[in-house]
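Here come two complexes built around chain A, the first alongside chain B, the second alongside chain C.
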Partner chain A sequence: MNVEEQIKDILARITRVDKSIISRQSTFKDIKADSLDVVQALVAVEETFGIEIPDEEAQKFQNFGDFVSYVESRVPQKEKV
Partner chain B sequence: MGGDYAPEEIVKGAVLAAQKDDVEIFLVGTASVVERELAKHKSITNGSYIHIVGASEFIKENESPVDVIRRKPNCSVAVAAKMVKSGEADALFSAGSSGAAAISAIQFIGMVDGVYRPALVGSLGSFASNTVMVDLGANVDCKPYQFLTFAIAGSVYAKKFLNIADPKIALLSTGSEESKGSDAVREAYSLLKSSGLNFIGNIEGGDILNGKANVIVCDGFVGNVLLKFYESIAGHAQVWTERKLRKYPPLPALARLVFKQLFPATKISSETEKQGGGILWGVDGVVKIAHGASRAPQIANAIESAKEAVKAGVVESFKSELARFNQGGKL
Partner chain C sequence: MSLEGKLALVTGSGRGIGRAIALKLASQGADIVVDFFRHRESAEQTARDVEALGVKAEVIRANVGDPAKIDELFDMIGNKFGRLDILINNAASGVGRPLADIDVKAWEWTMNINARALLLCAQRATKLMEGRGGKIVSISSLGSRFVLPNYTVVGVSKAALEALTRYLAIELAPRGICVNAVAASAVETEALKFYFKEGLVKDSRQATPAGRMVIPEDVANVVAFLCSEEAFMIRGQTIIVDGGTSVGILALAGK
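Up next is the complex of A and B:
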């Protein structure tokens, strides 16, 4: 499973929305994620990929695509498959 | 360790609880501060089971409760939640930030499978002693399926604490018809109707106190506004009655006496007062939160009722009730 699908799974599990409605253009508001959902998703993604996402970076995410791109840029190449 | 009167009243309340009950208490907070406070009660705490667990951080008033997760995972309430998760403690009690306690519970203890967020359930006490309301403020914005878990939590509460065998569940709305209410309420109606619970339909505000329903389900915004309005009624009714009777002494003094007798703390919600706060239902462990303004007697009551909740197995009961109604994967 690639990075995008893994993050989509995490976000769908936490916000309890159907993952099919999450696209790269979706904002957290679109999927009715509140601040707690977002923080839980960040922690889960950090644990899954063994990375750290500083608050300053997280605050720049405009949509799901930005979130995925940031994680992809931090995850070692072999895990992106 | 939080609360408007922390650490003095919290420590005093813990000492009271330890004196009257067989309970082991861990006070989690800045060790030196808690030690100093506990030392004031040294003569009476000898031999009782009160321990101090140091926590280097705490959530300040101006901080977001969400900060508990990423910025302050070692704050006192988070440490206490982790102790429940690891089995070192059976229950968590906090009179500090309710949001921080709820978020610590969600993140560090975890939710029961199928439950999205915890809910607060409370008995309406004096005027409707066989009625509980849920959610009383833990969830301001609710998704429709949350109403279903609220109904199940309320149902378990009514069975366990009010001894009602098959509680009647109603959804609070702006009319009795299925089509009434917000989008979330109308969707929740459909879910409750097909849930297999003893759902009697919608009720309106005028039905809250008439005993029509044993469990009234609403979102936390409505529930919290109603709770605070409800708790203020006795005080306002007393003032109004005394004013109306002031031309006829000694009737105002008599009215004051009657109100004092009927509503001791000028609060109707005597159950909440007696239990010192509410349980966060849906968390996979007993978590009790109390008003920030709680004093030692309420703290002691809360600790005692948290122990009762553990003994009564409320979490296990909630889990099995949830499993019974979730066979079709509704949650």
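Up next is the complex of A and C:
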């Protein structure tokens, strides 16, 4: 499963929405994620991929696509280490 | 008051009250373990500012709402330093919602970070304080005893924190460990700006008899006192730092 699908699964599990409604353009509000859901999703993604996503970065995410792109940019970087 | 040679863990010390406490204890000579959860840059800044005061700083990331992370945090302190003199249980989180909207997730998240963390951190900290005494100080808020709008879960978690402070104080007294708490009213921090935005608190300058809002350093000063030997006979107390807000009736009098 690719990064996008894995993050989609995590978000869907936390917010209890059907993952089919999550697209790259979806905002956290669109998928009914409140601030606690977002933090829990960030932590779950961090643990899944073994990365750290500081709030300073997370606050820049405008939509799901930004979230995925950030994680994708970090994962290969970690694998190279 | 000197804390020279002491080691202090301040949970949630990247920003706000925790940062002010870290700097205050460092200014008195204590080495500081800076714990953070979400803001690494802020934590590293706190560590640099601590080191600029001539003492050591160690940054570690741990969500104190997660027992496994608490274990990692204390394993690190145990392995690296083999001791701890001061535990400042400051890290806090919360969900501002009306009662009807508080779900199990919001309840557990808040209670685990704000209240359970004190129990679990104290259990680990006391082992590192064995034979050397120690100080445990938690940060509470007026919401533990007064009702603030949409503050239910946080208020209840702080009430639990204060009750736990009393129980710990008695049980740990024979080991020479002093346990207390400091409860502040609205303190000028980044977190407060969030609460303003969420409509949880209003500008409280008018309601504060002391004429200004509480700042993080006001809280840090009292915490530092509770960490000193001068405060040895204060046990299980929650000291209120609110510029008189909770006992003043100026707001009611319409002044």
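In this section, the second predicted complex is superposed on the first by the 76 of 81 C-alpha atoms of A that agree within 3 Å, B and C clash if a C-alpha of one lies under 4 Å from a C-alpha of the other, contacts with A are read in each partner's own complex, and residues count from 1 in each chain.
To be clear about the criterion, contacts are C-beta pairs under 8 Å (C-beta built on N, C-alpha and C of every residue); 3 or more make two chains touch, one makes a residue touch a chain.
Only a predicted model underlies this, so the values are computations on that prediction, with no experimental measurement involved.
Colleague: Examine A:Glu56 and indicate which partner it touches, taking first as chain B and second as chain C; both and neither are also allowed.
Modeller: Second partner only.
Colleague: In the overlay, answer first, second, both or neither for which of chain B and chain C A:Leu36 touches.
Modeller: It touches chain B and chain C both.
Colleague: After lining up the shared chain so the two structures overlap, which partner does A:Arg16 touch, if you call chain B first and chain C second: first, second, both or neither?
Modeller: Once the two structures are laid over each other on A, A:Arg16 reaches chain B alone.
Colleague: Once the two structures are superposed, pull the chain A residues common to the chain B and chain C interfaces.
Modeller: Common interface on chain A, chain B vs chain C: 34-36, 39-40, 42-43, 55.
Colleague: Quick one: which bits of chain B touch chain A in the complex? Just the residue numbers, please.
Modeller: Answer in residue numbers: 64, 66, 69-71, 103, 106-107, 116, 141, 143, 145.
Colleague: Note which residues of chain A are touching chain B in the complex, please.
Modeller: 16, 32, 34-36, 39-40, 42-43, 55
Colleague: Where on chain A does chain C make contact in their complex?
Modeller: 34-36, 39-40, 42-43, 52, 54-56, 58
Colleague: Per the contact definition, I'd like the list of chain C residues that touch chain A in the complex.
Modeller: Residues of chain C touching chain A: 38-41, 61, 63, 95, 105-106, 109.
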